[in-house]
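Pasting in a structure now, in structure tokens, and then I'll have a few things to ask.
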Amino acid sequence: MAPDPVTERYRVNVPLRWSDMDAYGHVNNVQFLRLLEDARVIGFEDWFGQDRSVLSEGILVARHEIEYLAPLLFRVPPIVVEMWATKIGGAGFDLAYEVRDGRAASEGGDGDTIYARAETTLVLYDFTTSTPRRMDPDLRAMLEQHSGAPVPFRWRRR
Amino acid sequence: MAPDPVTERYRVNVPLRWSDMDAYGHVNNVQFLRLLEDARVIGFEDWFGQDRSVLSEGILVARHEIEYLAPLLFRVPPIVVEMWATKIGGAGFDLAYEVRDGRAASEGGDGDTIYARAETTLVLYDFTTSTPRRMDPDLRAMLEQHSGAPVPFRWRRR
Amino acid sequence: MAPDPVTERYRVNVPLRWSDMDAYGHVNNVQFLRLLEDARVIGFEDWFGQDRSVLSEGILVARHEIEYLAPLLFRVPPIVVEMWATKIGGAGFDLAYEVRDGRAASEGGDGDTIYARAETTLVLYDFTTSTPRRMDPDLRAMLEQHSGAPVPFRWRRR
Amino acid sequence: MAPDPVTERYRVNVPLRWSDMDAYGHVNNVQFLRLLEDARVIGFEDWFGQDRSVLSEGILVARHEIEYLAPLLFRVPPIVVEMWATKIGGAGFDLAYEVRDGRAASEGGDGDTIYARAETTLVLYDFTTSTPRRMDPDLRAMLEQHSGAPVPFRWRRR
């Protein structure tokens, strides 16, 4: 029996800040990308463990795509970012995200609300030589453990 | 003879902040979206003049797509964001951007460098009734004056 | 026997963000004030519980004073902000903070390091009438439970 | 005849960003420190010209003190930060600021409003040896050209 793809997803608790709200009183659209940055930092530390070089010496953001689906209000409990690889190439990979409430209704939450869906293209890079670098087998294996279906964007242009 | 589409583009000077740099010493990828937010605020005040209601009472960001093409280093002179409408619908529009150096070589700049290309989908909204609203003819006419070709994204997914 | 004033202090765990670092690779001095803002939001929700009106409808920051004592590097585990009232007046109060590592040496931390000391003057305000307002007895009682000695600033001007 | 000390002050135009506003619709108190950071970066480039080493290789912020005097609303025209040295020591200096509207009444401004007063203690530092460094005569001479009276804080603690 196949695992439930939803429950298989990697989940990162990402705390909001009061200052993520803009003058409209909602978490600002740009700050969503900031939350995804934090999700990557927290998640990659877990995925890649001691091999921090993956993070600190060698990944560039080449592209973001994000859709906003529901307004997010500030609260103290963290939101949940689900995160998975959607495309693993020779010198980079795509990372997908869903930003969710993450709290059960019994906790005052609404676990089903998806605030945003997004995708980031990351390129492996060697900062010492300023050139792209090949993905090594260990990194590929780790990403494959966290891979999933493409993001179901509603409004992607063609 | 058709006008040169490049020189027709609307150009906004957007100042950087020293804090736009991240620990890598480059303008952070998320801050690019912040610069585009400022370009919209400055540009829309000019485009829509006194009719500030367009801005303050009724536009939601529904989507962003951005590609990073070259690293941007902090400097005191503003960067230039070129900005134009690429799709004008019944209740919203797409806005395209190119982030450029904007200084001639004689000024120590490199006018040809494009740091990023991006596109934002904006939806007209009535915050008092919490419903989308129709684009009125004046807004449409103004956007048509500033419309142009789709963004030539390199890595758009299909 | 008097309680140990240190262990009496209210402690708030405040997560860092990778973006709190500036181009020098340290948590930026301005971001320390942001961390203190978060400490207040989290702490006040706990101190004032259901009576959110204290927070959302009526406190203005009138003043900050902060001293930086040691460089703070980004890490995923939260820092600890100790927070206590140092002066309780008729229409406002001073809040003191120490920003600490908060992890025991056995956890890879250095619980004794103090990164910064700071003090904020807060004024009670009635936004509906745009006037200062008097402190009510409940608020005063709560603040007195969390009060302590003045901040031992090293470089305060006289 | 002595020069007017007010008109002698060094004035830096500092652009706001829409995102400087918080959920209350005012420029956030923490963002004021961000504006002062920008004032230093812009001003020091002018004061210290080619000798960028003063900025990039050797100044630490040791302390901030700031008082908020009037709410600042977002607008596209820059605010004005007046900036002057108040104390010049052997290994550092204090920098004072007043944050002003800067526009004459005829331009829709209110040149007399002071939004905030602040003071920063800066320490000269040699990052290569991680030690404080002595102020050289050229830097001292430049600071003396931009020196002025202490900040008239209203609420400074004693």
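Per-chain residue numbering starts at 1, and chain names A, B, C and D are given in the order in which the chains are listed.
Note that contacts are C-beta pairs under 8 Å (C-beta built on N, C-alpha and C of every residue); 3 or more make two chains touch, one makes a residue touch a chain.
It should be emphasised that the depicted structure is a prediction, and the values quoted were computed from it without experimental measurement.
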item: Starting at subunit B, fewest touch steps before arriving at subunit D; value: 1
item: Which of B-C and C-D has more C-beta contact pairs; value: C-D
item: Whole-Å gap separating subunit A and subunit C, where each centre is the average of the chain's CA atoms; value: 31
item: Gap in Å, rounded to a whole number, between the CA centres of subunit C and subunit B; value: 38
item: Distance from the mean Cα position of subunit D to that of subunit C, given in whole angstrom; value: 24
item: Residues of subunit D touching at least two other chains; value: 18-19, 30, 34, 37
item: Touch-based graph of the chains, sorted into line, ring, star, complete or other; value: complete
item: Residues of subunit C defined as touching subunit D within the complex; value: 29-30, 33-34, 37, 60-68, 94, 119, 121, 150, 155-158
item: Subunit A residues within the subunit D interface of the complex; value: 18-19, 21-23, 25, 28, 30, 74
item: Contact set on subunit A toward subunit C in their complex; value: 15, 17-19, 34, 37-38, 41-42, 45, 76
